[in-house]
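One chain, chain A, links the two complexes that follow: it is found with chain B in the first and with chain C in the second.
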Partner chain A sequence: MTTPAPYRSEQPVGRDGFAQLVRAEFTKFRTVRAWVLTLGVAALLMVGFAWLTSPHVGVCVVGPESRPICSTPSVPPVPVGPGGEPVVDTFSFLRKPMIGNGSLTVEVTSLTDAVASGNGNNLGPVDQVLNPTHTDLVPWAKAGLIITQSTVQGAPYAAVMVTPSHGVRMQYDYTDDVAGLPGTVTRSSPRWLRLRRVGDVITSYDSLDATHWTKIGAANLAGLPRTVQIGLFVTSPEDNAGTTDSSASLATATFGRVRLVGDPPNSGWSGQVVGPNPESYFTLPTGRNWFKQSDGTFTVTGSGDIAPQVSGGALQGAGETTGLLASGTFGLVPVIVLATLFITSEYRRRLIRTTLIASPRRGRVLTAKAVVIGAVTFVTACIATAIAEAVSRHVLTANGNYLFPLRTLAEIRVILGTGLLFAVAAIGILGLATVLRRSAGAVATGIVLFVLPFIIGANPSSSAADWLMRVTPIAAFAVQGTLPHFAQVSDAYTWSNGYYPFGPWVGFAVLCAYAAVAFGAAMWWIQRRDV
Partner chain B sequence: MVDPATGRVNRTHPQATSAMRDALRAEWTKLRTLASTYWLLVAVVVLTVGVSSAVVASSSYRTTGYQDAPKLTLTGVYLGQAVVAVLATLVVSNEYSTGMMTVTLTAIPRRLVVLGAKAAALTGLVVVAGAIAVGGSLLAGRVILPGNGFTLAHGYQLVSLGHGPTLRAAIGSVLYLVLIALLSLGIAVAIRESATSIGVVLGLLYLFPFLTQVISDPAWHRHLEQIGPMTAGLAIQATTNLQSLPISPWTGLGVLAIWAGVALVAGGILFRLRDA
Partner chain C sequence: MEATIEISGLRKRFGPTVALDGISFRVAPGQVTGFVGPNGAGKSTTMRVILGLDAADEGAALVDGQPYAALRHPLSHVGSLLDAGALHPTRSARNHLLWLAHSQGLPARRVDQVLEDAGLQAVARRKAGGFSLGMRQRLGIAAALLGDPAILILDEPFNGLDPDGIVWARGFLRSLAVQGRAVLVSSHLMSELQDAATHLVVIGRGRLLADTSVAELIAAASDGRVSLRTTARSQAATVLASAGATVAVTGSDTMTVSGLAPERIVALLTESALPFSEVSAHRATLEEGYMELTRDQVEYRPTGLGELER
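Right after this comes the complex of A and B.
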């Protein structure tokens, strides 16, 4: 009698690689209909919210009986600078044509918020002369020398100027800004400025005494024509910083000892307000002379700015950002539920035992889960964001809103960045749910972390918004920030205007840190606890 | 058991009232013997008072216009309600996930009695925790706000329950938390699964205040604030400038009560109609 041979399965031995594990986890995911549906809901919410929140960007004020009065949003034509960027180009210009090379030197003896009144050079408070909604001298009021290709808005230029709070600056082609001498201009402490053209290169100098000159910087304005406009300018931007309202401002500067070395030598000065833009800046009233000259002293009053456009001022460019933000935030809610269920339902149904018998290396199982949930949320969020963005831009344009030009690279960053945001958030929540092993805590924590900061941060009486945008995982929404930001333009760079305190990848790193802690804790606990 | 006097079978609990009493006792025992209940109630108090204190400490009287100091002091309710929602959801979904629900319904087959008992026990707990959380927040405001310039010289009274509107805001905030608990309970009974329930409850609560921020059209803004359970309900926290509110305090709380009522009725109907 022989003992029967023990049974051996005919099945070939299966491979136990990471790829097989990922495939197993993906199979678990795609075969639960409700989960795939939830992913679809997330995508729908994202597109829906972008559509819902985009159209309403018109300017509205609260009228009598708390009824809103909304003007149809309409954007005046926005001048475009040499680099293709939207710019502001409005200033009072006392100019002369200049042929070929030459230089202009001047002494600036005062920069105030007063305007010239009467016939002489007596300066009176601006309120007594006219009654605009004006503020005091703003930090970035500008008075100085400028060489510009033409008086058309958006023309290439180079300028050297004094400012009330930022010392002497050289600025050219709207976006470039170089610092010169610090300090404020007073009659007892004037500033000497000089601008020199040699070919395409314009160099600026400043001095305290007209003897010792310091070079500030040089601008290469390629393609500058032979004849340029040269002269004195004054402008004063809106005061936007820190408030939601903006108000126009005025500035008046006194120039003395103007000396032009160039051709033609003896032409007269002519005053011109370049590109007054009634939609955005205080328009200088007609019938008043904003340029005064007596005994070689010039007094010029101006309002406007020569600078790149930013959001929050005349252009409400935040509309698109807001749409995307709403889209991203509410798309995250179902994703948080999904990432939680991906692990807690294994515990609830005891499937985790089978999973860990089949693949006893727990860290690998959890990593495979992270790969799967990360990948599916990444793909979903990328597709949904691309659609949401297109929808948002379409609706905004159709309603006559101005959209800041979006470079392809920035657009790709917004789409991939939002995808990564979703993936990393999902992996973090997966980690949290693995540690807690319960759905309730993980979902509530996730939603509170990602949605509540926006709500609490909106309280205007609290400075909470700024630090919530730095310390909570929503810092990662900075990947959606595309609006231009310039240190030399004073504006309310707040998230309600579409700005984030961190740069895109720094903000994203904050979320990654949260997710790393949660996922690291999950890796630690899953290997040390019985299931 | 036969009653010797009447000779009829004496069922242990013939009256509905005593059935309710027993159900309530059962629910109370279940709630009080769970460690998580205790921790969640502590979290309600700590998080509410914590967020309130942080917001109050980071506020200053200088920022634009007159502020509603008592309302500012009660900001912590924004977060505290999330914990209340978790607590209320777990009262139901925990029973489903552990299979306890079949035992509960075997012991007390009248499902609406079970739901009523759960609602009553939950209300009791939330009233106590809510009162402590709201009281603590107001105390924090009373201590911290004067240091940030919220003084009589700038037109601000000390935060005090002796002030009628502040008392309304305080009592209303506790009632608000109770209604949030009932709303969550109703939704949890309907959905039965904790992750989805909490996702739906918190999504619903935070959706409206979030939308009112990103939508700048004032008409939409106003309507959303009037119908949202959180935005309307929290109108009860306003103490000044009531005319400018999109909805009056008690009407706002009424809107939330309607949300909670509809959720409970819908949950109750589904609870009766479905197998456990």
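Right after this comes the complex of A and C.
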């Protein structure tokens, strides 16, 4: 019997690299039409939920005489500070003009507060404020000295003040905050405050005895005009300690031994309520005297704040963020299914054998799959988020809601960050599905991990929301957080107001940790298990 | 280097079940090696071990001198068909081959070539989920040929083929061997391998029963037997049996006689005046040779397995 010569193929051998594997996995993906359609469904859900969950009504507040004031399709003007950020600038001001350099010194002997009942956007009516339900001090009520360019809202300023819970502070241009002496003001333990102007520089000092003075800080207000407004101010923000209740408050402070060194020396004081904004803040009714003077002692009552705007209080800027969060959460559902099927359909039909016969280096196969599912979900989520964001902003603006200015860089981070969130989530689910080899278990686990926390946390009365946003993979939605957050503004920095407990990339790292565990387990198993 | 598969001392357990119990054999180029054994004998497990899908507890399986997992362009070394049903139902036949080709860096025109070789051009763009088992087998064979490998491993490729398809497949396997390729084909039906295989590896319950050429197996099974055709079947059987022969009736007027030389049979029948029309040295079928080998090895013997048609 003769045997033919061993076979020699004349076909050129192809390349055998990782790129070929990625290409093969992409070919697998794009040649199953249902999978490509699923990506489309994910994109549609993302845009659809952004539209559905963005508030379609404007913000209404209860104004004077309990009449509701609703924002109209034209967005109400929000004062803007020197840095371009939206600010609150409402306070009672006992002022006089000052030309050139000078200084003002005062002794603050008391600061009391009254909090109205009321909740949310509906600030309590005047009567409730005047007949307070309780007299807890609002932590960031403020009483002290201020030098401001003008009484127009948003004007550059520097101020030194006492607060109920944060001691003496120097604050300027809305966002800057420096701590001075700690402690609370009482009649037996007053605080002395001094504000001095030299050119563009305003320096603040505090003292317990009017003898020993400590410099708190200095603010350089470039371009300050020669004539400024100087005087005493009192203001008291909404009480936002709770997550759902916010109530108007009135603070009253007593000042003594006021001493102005400057020009003109003998002009009189005049009281003015600066920038009452009925859209957002409790308005002091006219016809009452909020400024009292006797024997060199001044008693000033005020409500409002001099601070940067944050979401969740007077402004409902959270709408966009919650829209994007719902958009992302529900867009993840088809992505979870897709990432699962990308591997379990192979196990189910034993196609995984063909795959691993073609590429026996299993770790590379799984990595190629991860690259493909990560890339297609990244691109889809980026495009859908860009559209969802535009839709959300459009709905909010058209309904008269205020939108916080969004810097281009932050906008790019929201879009690319959501894309990365989807990619990493898909890779984690791919890993989980590889370990389980069954669709049902992987999809169910994915939904429990990504959707359930959202549903639980979306209930504003849930105290678990903050906790869930830290320990579950949806912590990564912090990449969508764009709202400003200031330590010197007390507010419910909660999920429902559009805030995340972690910064964008810390939250993203939580998801990455989950995905790394799942994908690592998959890499370990796939290389050790018979198929 | 010669393209071969070398298996030495493979052992594998699945829990308490011993699937492979020290299997060793070699698949040589230029011939079709039939890999035969009853269902559950360990054929598929052996093939999965060769292809690196299952890890053996002991022993080694080398392809071209290397473990499969170490091959750089695996589909250019070994083409395999384990399970014709391993297809995504909504992916077209051509796209199934396309991703395989991409994984090896092979061009799309190679896909069209193997589709043509397997006679699937007409259905290339149809969803594989709608294919009959025969069409899937052809698609599986096309996939095995994609890398133009010198070694082919086919697990039960005749399953689901119609008679025409079986004839086509046999000729196709022979032509692959004639080109110098090493072809390992498993089957639980020896008859399917008739006219296709020239070498046989027979296993049962995870053990190697025979590693022999087809010619040797048939010769061994035929040894010392005589075929007899007579109209007086029962009288002839009585006469021959009383003379010390073992008689097996094979038909209404045929029987196989062993233990007596043909001359002695003719003499005994003539003495008893019994008519006969044929006395010849018996040539066993492949089936008979196989049945003899596996008589004690069948694990799941369906009723009527002995009645397998030729």
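Note that in this section the second predicted complex is superposed on the first by the 476 of 531 C-alpha atoms of A that agree within 3 Å, B and C clash if a C-alpha of one lies under 4 Å from a C-alpha of the other, contacts with A are read in each partner's own complex, and residues count from 1 in each chain.
One rule holds in what follows: a contact is a pair of C-beta atoms (placed from the backbone, for glycine too) under 8 Å apart; a residue touches a chain by one contact, two chains touch by 3 or more.
Keep in mind it's a predicted model, so treat the numbers as computed, not measured.
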Output check: A:Asp263 vs chain B and chain C. Expected answer is one of first, second, both, neither. What do you get?
neither
With the two complexes superposed on chain A, say which partner A:Gly441 touches: chain B (first), chain C (second), both, or neither.
first
Would you check which partner chain A:Leu452 touches, where first means chain B only, second means chain C only, and both and neither mean what they say?
first
Chain B versus chain C as contact partner of A:Asp200, first or second or both or neither
neither
For A:Phe330, using the defined touch cut-off, is the partner it touches chain B, chain C, both, or neither? Pick first, second, both or neither.
first
First (chain B), second (chain C), both or neither: which does A:Leu356 touch?
second
So in the complex, the part of chain A that touches chain B is made up of which residues?
52-53, 55-58, 60, 62, 66, 68, 70, 243, 322-323, 325-326, 329-330, 333-334, 336-337, 340-341, 344, 348, 438-444, 447-448, 451-452, 454-456, 458-464, 467, 496
For chain A, which residues count as touching chain C in their complex?
1, 3-11, 13-17, 20-21, 23-25, 27-28, 31-34, 345-346, 349-351, 353-361, 530-531
Over in the complex, which chain B residues touch chain A? Could you list them?
51, 54-55, 58-60, 63-64, 67, 72, 75, 78-79, 82-83, 85-86, 89-90, 93, 97, 193-196, 198-199, 202-203, 206-207, 209-211, 213-220, 222, 243-244
List the residues on chain C that touch chain A in their complex, please.
2-3, 28-31, 48, 51-55, 68-76, 80, 82-83, 85-92, 95-96, 98-107, 110, 143, 147-150, 177-182, 198, 213
